[in-house]
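Here is the structure we will look at, set down as structure tokens.
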């Protein structure tokens, strides 16, 4: 495996072109957040916005709209039960995230199927959390869009059918190839499986071991995909910087909350764009 | 075109008179924010409040009231479907903003028509976002109030009937004259068309290329109109300072969010009021 | 008139006794906030909590509960239409505030009458905003509790039946005596009328001329009344410190928002408690 | 009594193991928050999250969900009337808190009984506020889980049947033994009763005498129990650090609000984990 460290992402965060506008930085649709897990969708969306995405919309349970606006007026909202409006938003997006706080109810499954059937090869999609579990359990195929799965180890077991003891680089890579996707395998030292190579994150720390970190990473990946031309660069930079910020904050914090990382994003991205 | 830079607005932000009260700083009504785009109205309203307006009310979809209060207790709210109360507030306002997050539904169109018919020559109105689109598509006339349109290039095309290639200073100025209004034409270097001259903003940067910046500018223009005697000064100062704050924040931030600019307003206005 | 300045309140903010508990710092009930003006009740309540009151409850329209909790988990809430629960809370309070954002609807009037009839001579009540207007218009008597009115000049005209030109110290004092209350007459230099003397605030500045300042002052007065043994000291200290904090913030801010003053309270009170 | 001071908790906050994940830091369920006291559950939950617990869920009145998410996206929510889902969450939790803002209605009593009957000896439970009062009034037995009661003096009187004059160390200890639990007896200098010894907190100050401090302490105890192997260490560290943070903040603040303490937790825990 290649080591993913500060050098690896040297130069990956571009300076923004002077004469650019929000349309140049992508249009993201984040789908998730049932009645219990609205926080997950708030964190994923905030991460996308603070990463610098041009326009961010959220399709979530109606009960989450108010809290989302109260925290993040920069995002637009949509009732995920309004399937017609959702279909329009899916088509309009350049990058989608599906899964954070989505749950695995019958309604969520139907929603997932519907979104997967709508996305096209010109789009990119991050599949996270319960969306991964539902795809595994219902044997749904990777959609036509360029797909990034972000499973933790348990979700990967379900998706890859590899037992924990079998989850070694070569078998993981075979499973990834069958999925025809990029896989961000979240763990103590997260591994990233691309078609051509595999990377192991060198950053990260146990102060980040708290709920919501995965949702935040999913939102960051989407935010970076929306802005960077090269999607491999986007995934690597998001994975590394998520941990890098966490490492910096952990110098003074016993626990690093997802919202702490999100707030730091504009500042850290600035630093990396200048090197 | 005249260059709009720090010198241009020298002296435009007045020191407040010692013996003044909130009534001296205007009464603003911000109208917009449908069920999907409540964030837009939160940002526009926050910009007006943080600019120093005396009293700010918001007419918006009921679903946005809680998030608005949670972020900004300084503003009063009104259900935009309560047309009787709305009419009273329209009459009471010295400055109105209509359009941020308004959408272009049949209801929104009716609301727009109703407000435009109510405003008088003693008032000032900022027409933004979907309100511009609806005025263009339904050929609504500029209202009797002193009117400032704040289109981006696509909205300007619809409003002026000028194709992108035709959007040069002289044709823009002719279109503006036909509208009998001031036009803030938002773009990489925003242009401001008054009856007597045209200005090109020298400030601004691509870190500001993110959703909500236009809503924030609309709110700032209203806030400044509410306070400054000279409305031309108000528009120029708002356009310049919006970008000036963005430039300062972009020294340390890869993306500058609208809420970051809004928080900075009281401090930057203080600096400019002392020069 | 006596000058109300930093010297006047020297020593009025006591150090807290080491062996004290929240019951020693009063129980406040804040009543107000209709469906349009929920922000007013949020600001008044936040001011009471940040002043150091022991326990603070709010009776307000149900629609304001969520925003209040989102900003201020330290306060308890009550639907103001639940008159039985409200009566219990009125009886339990040591200090009440009635009026911020209350409106003057028929329901509000009934609520006001009900509260005024319930309070006793052992309680203190701050009567603010629309509650003052309703008392004037419906000729309601000052309640049995020790009462502090906080009118602005227009409200004072309604309450005292003095025309602006008649609002001089001696006539104001006569009107105050008829009301059998303390009067905080809000204006450029706020005047405070006690039975034995009259004070004129020397602090304050035009950056504070913005909506919500009065609500904030009402909450502060209640917070101070709840803690200080001497109610005259409480009123004077609240009036002065509200402006004193505003003066400090105005050194760097063009507009000082009520929420800025509220955040500063614990720090400024600390300074004054040590002199 | 042993003195509980900085030395007492030396070494109790462990460094986190490098190769750990959120499952290693416990799964907390916080139960409470009726329609009036949603703030209590927000504070308790925020304290648990900011203490570093791995996963935190909240069962509370539906009306509190939005404010909770708006303040704390890191926690998951559950309608406490959904008894089936609640039972599942109770079983899944390693640590429970019951009582903050719970009220003592008939519904709350039923809920309490149901939870007490479901917990097992492998779990830990913090019983706080109205849950204590209901247990006393309805003579409910300490549940099978390792139990920590956190009464203030009035609640302790109800629970122990000891009059204030009888609440001395030996009788308290006897009452504690009958309860078969740990007792955190909140007061000016809080006392902690374990089976083998009794501790008296040396930290704390009157700036902390404000509503919500107890809810915050209950959440901290749960957060520490979820992470530390030794539950006695967890209780002692939580009690001490709650006051220690309050002491530090009180150097500059006249009143220390619960939310101020909560924000400080990650930083103070870091300091103590390094000594």
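Per-chain numbering from 1; labels A, B, C and D assigned in written order.
What we mean here is this: contacts are C-beta pairs under 8 Å (C-beta built on N, C-alpha and C of every residue); 3 or more make two chains touch, one makes a residue touch a chain.
In UniProt terms, the chains line up like this: A, B, C, D = ADP-dependent (S)-NAD(P)H-hydrate dehydratase.
Because the structure is predicted, anything quoted here is derived from the model rather than measured.
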item: Required minimum of steps from chain A to chain D, each step between chains that touch; value: 1
item: Copies chain C and chain D touch via same or different residues, half shared test; value: different
item: Cα superposition of chain A on its sequence copy chain B - rotation in ° rounded to nearest 5; value: 90
item: Centre-of-Cα separation between chain D and chain C, whole angstrom; value: 34
item: Chain B-chain D separation of Cα centroids, rounded to whole Å; value: 48
item: Multi-chain contact residues (two or more partners), chain C; value: 66-67, 70
item: Residues of chain B touching chain C in the complex; value: 13, 16-22, 24-25, 49-56, 65-67, 69-70, 72-79, 265-267, 269-270, 273
item: Contact set on chain A toward chain D in their complex; value: 35-40, 42-43, 46, 63-64, 66-67, 70-71, 187-188, 205-207, 209-213, 250, 252-260
